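Should a chain be cited, it is by its letter among A, B, C, D, E and F, assigned in written order, with residues numbered from 1 in that chain.
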Amino acid sequence: MHDRLLLRLELEDLNTAYAAALDEGELDGWPALFTAACTYRIVPRDNFERGLPLALMHCESRGMLEDRVASLRRASVYAPRALRHLISGVRVLRSDGGVVHATANYAVLQTLSDHETTLFNTGRYLDELVREDGALLFRQRLVIFDSVLVPGSLVYPL
Amino acid sequence: MPIRPWPAGELTRVPFWLYTDADVYAREQQRVFGGPTWCYVGLAAEVPGRGDFKRTQIGDKPVVLVRDEHGALHVVANRCAHRGVQFCQRDSGTAREFICPYHQWTYDLRGALRAVPLRKGLRGQGGMPADFRMADHGLERMAVAERHGVVFAAALDGGAPALEDYLGPAMLGLFDRVFDGRQLTLLGHMRQRIKSNWKFMFENIKDPYHASLLHVFLVTFGLFRADQPSAVVMDATGRHAALISRRAEQPASTATAEMRSFQADFRLHDPRLLDPLREFPGEATVVMQTLWPNLIVQQQSNTLATRQLVTRGPDAFDLIWTFFGYADDDAAMTARRLRQANLMGPAGLVSVDDSEMMEFSHAGLAPAPEAAAVLELGGHDVADTDHMITETAIRGFYRYYREVMGL
Amino acid sequence: MPIRPWPAGELTRVPFWLYTDADVYAREQQRVFGGPTWCYVGLAAEVPGRGDFKRTQIGDKPVVLVRDEHGALHVVANRCAHRGVQFCQRDSGTAREFICPYHQWTYDLRGALRAVPLRKGLRGQGGMPADFRMADHGLERMAVAERHGVVFAAALDGGAPALEDYLGPAMLGLFDRVFDGRQLTLLGHMRQRIKSNWKFMFENIKDPYHASLLHVFLVTFGLFRADQPSAVVMDATGRHAALISRRAEQPASTATAEMRSFQADFRLHDPRLLDPLREFPGEATVVMQTLWPNLIVQQQSNTLATRQLVTRGPDAFDLIWTFFGYADDDAAMTARRLRQANLMGPAGLVSVDDSEMMEFSHAGLAPAPEAAAVLELGGHDVADTDHMITETAIRGFYRYYREVMGL
Amino acid sequence: MHDRLLLRLELEDLNTAYAAALDEGELDGWPALFTAACTYRIVPRDNFERGLPLALMHCESRGMLEDRVASLRRASVYAPRALRHLISGVRVLRSDGGVVHATANYAVLQTLSDHETTLFNTGRYLDELVREDGALLFRQRLVIFDSVLVPGSLVYPL
Amino acid sequence: MPIRPWPAGELTRVPFWLYTDADVYAREQQRVFGGPTWCYVGLAAEVPGRGDFKRTQIGDKPVVLVRDEHGALHVVANRCAHRGVQFCQRDSGTAREFICPYHQWTYDLRGALRAVPLRKGLRGQGGMPADFRMADHGLERMAVAERHGVVFAAALDGGAPALEDYLGPAMLGLFDRVFDGRQLTLLGHMRQRIKSNWKFMFENIKDPYHASLLHVFLVTFGLFRADQPSAVVMDATGRHAALISRRAEQPASTATAEMRSFQADFRLHDPRLLDPLREFPGEATVVMQTLWPNLIVQQQSNTLATRQLVTRGPDAFDLIWTFFGYADDDAAMTARRLRQANLMGPAGLVSVDDSEMMEFSHAGLAPAPEAAAVLELGGHDVADTDHMITETAIRGFYRYYREVMGL
Amino acid sequence: MHDRLLLRLELEDLNTAYAAALDEGELDGWPALFTAACTYRIVPRDNFERGLPLALMHCESRGMLEDRVASLRRASVYAPRALRHLISGVRVLRSDGGVVHATANYAVLQTLSDHETTLFNTGRYLDELVREDGALLFRQRLVIFDSVLVPGSLVYPL
C-alpha cells in the first residue's frame, strides 16, 4: 500500500511535468518523457470502443514525437493558442514485470488570442510506464478523448 | 430570384456575402443538398451486416443509413412520422426495426410503418380513426445508389440521374481508380467542426495553387509541388473536379525558390512517417476529387479517406473523415496507412493548415460582405489544365453553383 | 395575419415551423404571455413574510413577486423606470423598498417611485425639471390573483377575467383538489434548461398516450398505465386540461402485452421509493393539470409540484419545479414526498424520459419546417374522454392557440 | 499531521475510484463505495443555503443507489452521453468517533454524441466516511452544485 | 429611412429597441464606425519601432496598425485582397512585410501588393492573366492621423475633417491636457467582454449623476462627488464630451446625506492605494473624455488610460484598456499609477460597478423593446453645465447619433 | 525526494485552503494565507510575456488584500456569483534560502444566478512561499491568466 501510494505520487509528478511541457511551450521536454521505443496515440472514444485502429496522432517512436514537435515549429500554419491541462484522478491499475499500468482523467482548456477560454477536449490517459535510470517514462500513452468531434484543429498533443 | 446582385467580374469574383447570408444558406439546403443530387452518406463497409445502421446528415437533415435483412441499403430521415422525434440516438449499431421511443411507433428497416401501439384502442375506446392508413405514415425515404462500396442518397423521385451519369466519364474513371471493386476495410473516423462556411472546403480542394505554397510538409517532402507533373480535371458541368499530381524526386528549382515553404534542411527523425508505396496504376501519386455537393475523395500516397461535409449554419461545418484500406492489405500496408494518417484530419501535419486557413478566411471576410474574392489565376475561364497554377476549378464550381442557386 | 399557411388537416396537423420560427416566437410573447391571461408566478409560501420577494419570469419578461408591508402581493417588472436596469439581482430575499443600484431611484413594494436622489439638484443647480412627476415613473405593475396559495399575474387593464372564470368550473375543481386551502410548505426547487420549444412541454403533459409507452418506471410499477381507469378533461376553450388516472393492481394484460415498457421482473431493492399513501378524496391517484399558458400542476401519488415554463427563445425553455407539501404533513409524509421526488425533475426516474423526448423532438423537426405532426389518435375532434388512448387535449390546445395567435 | 496526510491521500484514491465508476460506465461499482445504510443526495446550492430539504437525487440506502443504477439501465430513456469527472481539493475537515468528515471540489464535463464537450456541472462534495473491513466508505455524500439550473437532464449521479 | 419610429419626448427618450435591433446594429457599422469619423486605433507607443504592428478592430472590422520602415503609421484592413483571409494572426509583433499564409501574396507595410507567387506561371503555364495589375489588389487602406502619440483612422477619401477640427477646440484642449506632447510609456492592457450594447459605455461616461451615487469607493474617498466643483463640456455637435471634477476634502454634507454610497467609517488598511499626486495644470483632478465613436480618455488622479470600444454584435462589446504613463515618470509615479489601476478595468474597485450596471441595463431592457429610457435630469436640452446633476451629455450624444443614423 | 514530496503535498493543502476561502465565501481567510509584506498580482498572459507591469489586481501588502475584501463587501456593486476553483499540477520549482518557488495550474468556473455554469478563467500560479510559525505562507502569488479577455467582471480574486 505504501509503495503503491508513492508510485501514484510519482506518477502525479510525471503528469505534472507532462502538462507543463505542453502548456508552457517547452515542447522539447515532451518527447523526453517517453522511452525511445514508445507509442503515443490520440484516439476518439468511438474508434476505441469499436476497435478501429485509426488515431489522430499516431507516433510509434520517440523520433516520431520529435518529428511532431519539429513540424509544429517549422511546417504547420495555425493561429496562436494557449493550452491549459487539468489532470486528475491519477490511478495505478497494476504493476507487473517492471511495467506500471496507469490511468488518469484530463481536460484541456484552450484560449485563442482575443477569444474567451474554451473547453477544448476531455478524456483519459491509458499508460504503460517503465523505469529507466531511476525515472519513470511512458512506454505507451493512449489518449482516449470523449468527443468524436474536435473543435477546429488539434494542433498540440493532448 | 437573386438574393443580392452578383458583383461585376463574373466568374472571377465571389462576393463575401455568399458565405454568411442566412437566406443563401436556407436556399442551399433546398437546392444544393435537397436537389436532384447524389449526396454521400457513407461506406458500405460501415454497415456490413444485416440490420447494421449508422446516423449521418445530408446538409442539415439527419438521416439513417441501414442495411435491411436482405442486404439492401436504405436511407431514411431520422424523424418519426408521428410527431417528429429523432428516433435514432445511437451513432451506429444493429437493429431489426426502428422503434421511436416516444410512443413506440415501429418502422421496418425500409422505413415502412409496421406498428402503432394501441392503434385499435382498448376495450373499444380510443385508438386511431378508421381511415388511418399505415402506408401513409412511413419514414421519409431517399433514393440510394452504391458503387464499389460507396453509398449515396438523393431525394426520392427528385429526378436525379443515374449515379454514373451524375459523375460523368472523367470523374467515374478517377472514382473507380480508388474504388476499384475490392472490398474496403474501415480503419476509423475523425471528425472536426470548422468555423467557416462549407464552400471554403470545396474551394480549398479545388485549389492546387495553395498546396504548393501553404503546406511546408507537402512541399518539403515532395508530396505535392507546383513543379511536378499535374492536372486539373472537371466534369462537363464543373461541379465535380479532381487535382492530380505525381511525386517526383526533384531538386530545389526555380519553383522552390518561389516557395517559402520549401525547407531543404528539414529531415525526419523517424522516416517511416513518409514511406509511400506505389499501389495504383498510372503515374499519379495524389488524386483529390471533389464530388458535388458533399464529398471529397482523398488519395494522397497510401492514405485513403472520404471526407464528408455536414453544414452547421452559414458559419460552420463538420468535416467527417472516414479512413479505409482494402481487404487484401497486408499488415505492413495497414501500418503505412495509419502512419500516413498523421498528415490528415484535425491533427494532420498537412490538413491543419487548411482547416486553419478556412477559419482565417471566414473571420476575414465576414465583416466585409460587400467585398469579393479574386479568382483570376490561370485566366478567366473554366477548362481542364495540365498544370497547377490555376483557380479554374473554383471558377467552375461557382459557375455551376450560381446556376443551381439562381444567383 | 398568418405568418405561414397552416397545413391541410386542420386540427390533426401541426406544422413544424411553429416550433422554430422567430416571428411566431415574438408573437407568442405578445399574445400568449402578454395577453389577458393569468400567468403563474409562484407560491405564496415562497414569499411568506412582509417584504419577502422572489424573481421570476413571464415568458421573456423578468418580474418580481413581492409581499408588501400589509401582506398584499404585487408583481412588478424587474426594469427600472429610469433607464431600464434590472434592479433586482438576488433570486429571493426580503426588502423594505427596491433601490435601483445605478442612480438609486427608490420604489416602494407596490412599484411606486418614492425617491430620486438629487432630484432638486444641489445649490440650485441641476436636478429634475419642474414638470417631472414621480407618479409617472413607477415600475410597470401587473394585476395579481391568488387562490389557495398559488399566485398568478396578468397585464394590468389587459381585460383578464376573474381567475376562477379563467380556469372554468372543471379546472377549478381539480385545482382546488390539491390547493384545498391548507397552508402549503415549500420543500424546494429544481430547475432545468431544455433545448426544445416550450410548447412541447404542454403537448407532453396533455398526451396520456406516451405515458403508457415511454415510462418503464410508471408502467412497471403501475403508476400510470393505459389499462387503468382514467380520463382527459378540458375547460370550454381547450386551453386548459387535466389527465386523471387511478393506480390499480392489475396483472399483465393484453394492454401490457402491447407495452414494451412493462418489465415484469423489475423489482426495487428499497421499496420505500414507491410507498404511496392515499391522501386526496376520490379515486384518482394521479392528476396532471396544464393551465394556459405557463403552468403544470403535478400530483403523482404523494409528490406535489408546480412546474413553471419560462421561454428562452424558440429553441429552449426553462422548467422550474417547485415542490411542496402541507403544513399539517407529519415527518413520514414529508419523507415520502422527498423520496417520491426521485421520479420527477431533471434527474427524475420518470421525467428524464420526457425532457429527453422533448429535445429529440426539437432536434428531429427543426430541419424539416415544412413537415407536420400527426395528431389523429382518438379521432379528429376535441372532447373530454374517459380513456387515455387519445391526443384530444393536444388538438384542443392548438385549436385555442391558433385563435389567440391568428394562425 | 502525517496520519492526516495519509488520510487525505486515501480519500483521493476513493474519489478517484468513485469518478472512474461513473466515467467508465462501471456503475455497479458505484454503490459498493457506500455503506449499506447511507445517504446520497444531489442538492442545488439555493436549496442547501435556504435549508430546503428537496434533492434531485435522494437516496437513503445502498439499495436505493442500486435501484438508481437499475433504473438507468432498464427504465430510463435518454441520449447516450460520456461523463468526465475532475475532482480536486480533497480536504479532511475533521475526524471524530471513527467518522471522517471531508469535502472536495468537482466539475463534471459531458459529451453528447456528435456534440462538443460541455461543462455540465460543478460544485462540492460534503462527505462522511467510516471504515469497514479496512476500507473507507461513504456513509454520506452530499453533492451541492453551484448552478440552480441543470442543462437538459441529470441522468447519471454526479 | 427610420427603422422604427422614435418615441415621443424627443431628446429625453431613448427607445429600448435601439440597443438590440439587428438592423440598427448593421447601420451603425456603416454610418457610425464606417463614416467620416476618426476612430481610435492605438497609441504610437504600442508600435514604437520600424515594422512594429498591432491588430485591432474598428467596429466589426479587423485592422492592423503598423509603422513602416520610414517611421510612418498605416492602418490596413486585416483581410487579404486575394480571397479574404485574415492574414495577421499575432496580436502584435514586428514585420518587414505582410505575407498572407494561404497563397503568400505579399504586401508591404503600406498595404501595397508586392508579390504574387507563381504570378507568371511555370514553364509558360498558368499564372495571372496579362491584365492583372498589382496596383489594383492592395489591402484596403485607411487614412491615419496621430496627435501627441494617439493614433486614429478613418475611411480613406471618406471626407473626414482634420482631426483637430473633428475634435473641436474644447475637446482638443482637454485632449492636449493629458496628451501634452511628452513621450508616452505603455504600462499594459486589460480587456473585457461586456454583455451589453456598446452605447451604454458612452452613456455611462457621459453620466456624472451615477458616479456620485453608484461608486461607494469614489464617493467615500472623495474622488468624485456631486458636491465637488465640476463641469460637463461638449463639442459643438454633442458627439464628444468631457466630465471634469475636482477632488476636495469636503466633510459629510447635505449631498452625502442623499448618497447612500458615502460610508464615513470605511478606512483603508494600506492607504498607498489612494495616494494621488497633482500632476496636471489647473484644478481638475478627474477628466473623463468620450470621443465619438469609440474612445474614452481616462484621467482619474494618476491613473491614465485609453478605453477603446469594439462592437461584438448588438448584445456585447469588448472594452480594451490601455494604461500609460510618461517617459519622464519616476519609479514612484509608475508605482502610483499601477496601484491606482486597482480602481479601473475588469477588476476595478470602481469600474466593476459600471460594467455590471451595463449588463444589468441590457438584461433589463432587452425584453421590453417598446419601452424607453427617461433622460430628464438637468432639463430637456443639450448645453454645457458647471455641475454634475444632469444627463445633458447623453441627450447630446443621441441628438447627434440620430442625425448620423437617420433615426 | 521524500522531503520534496512532503513539500508538494503541503503546498496542495495550502492551495486547497486558498480555493476553499474563495469558493465558500470565507474571504477573511484569504489574506491570512499571505505574509504581511506580500505581493499578489493578476496579470494577463500578454502583459506578462511582453514584460508590461500592469495588473488587474495589484496588491503590495496583506493590508491591500484586506482592502480588496472590504471593498468587495462594502463598496462594489455586482451580481451574485458562485466560483469553483480546480487547482492541479502543484509543483515545487525550487527551494532556496527558506523560500519555496512553486507553480500550479488552475481553472475557475463561475455560475451567475439562473445562468449555466461557465468556464471563467484559466492560467497558472507562480508562487514564492516562506514558513512562518511552522506554516507555509504566500510571500508572492502571481496569477497569470491565459486569456487576454475577461468575460464580464473579475469580482473575486482568482
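Here is the rule we use: a residue touches a chain if its C-beta (ideal position, glycine included) is under 8 Å from a C-beta of that chain, and two chains touch if they have at least 3 such contacts.
Just so it is clear, the model here is predicted, and its values are computed rather than measured.
Taken together, chain B and chain F share the touching chains A, C, D, E. Comparing A-E with the candidates B-D, A-B or C-D, the pair whose contacts agree for more than half of the residue-numbered pairs is B-D. The most distant chain from chain B is F, comparing centres defined as mean Cα coordinates.
Between C-D and B-D, more C-beta contact pairs join the chains of C-D. Looking at which positions face the partner, chain A and chain F present mostly different ones, since fewer than half of the interface numbers are shared. Most remote from chain C, judged by the distance between CA-atom centroids, is A. Put simply, the C-alpha centre of chain E and that of chain F have 31 angstrom between them.
The centroid of the Cα atoms in chain D and the matching centroid in chain F are 27 Å apart. Across the assembly, chain E contributes residues 89, 91, 101, 191, 193, 214, 318, 353, 357, 360 that each touch 2 or more other chains. Across the assembly, chain A contributes 9, 77, 79, 86, 88, 107, 113-114, 116, 119, 148-149, 151 as residues in contact with two or more other chains.
Pairs of chains in mutual contact: A-B, A-D, A-E, A-F, B-C, B-D, B-E, C-D, C-E, C-F, D-F, E-F. Those residues of chain F whose C-beta lies close enough to touch chain D in the complex are 6, 9, 13, 15-17, 19-20, 23, 82, 84-88, 107, 109, 111, 113-119. Interface residues of chain D, counted against chain F in their complex, comprise 5, 8-9, 45, 86, 88-91, 103, 105, 107, 119, 121-124, 146-149, 151. Chain contact summary for the complex, chain E toward chain C: residues 16, 203, 209-210, 212-214, 226-227, 254-255, 258-261, 353, 357, 360-361, 363-365, 367-368, 371, 373-380, 385-390.
Residues 42, 44, 46-47, 50, 52-64, 66-68, 70-71, 74-79, 148-155 of chain A touch chain B in their complex. On the side of chain E, the complex with chain B involves touching residues 29, 59-62, 77-87, 89, 99, 101-104, 117-118, 121-123, 125-129, 132, 137, 140.
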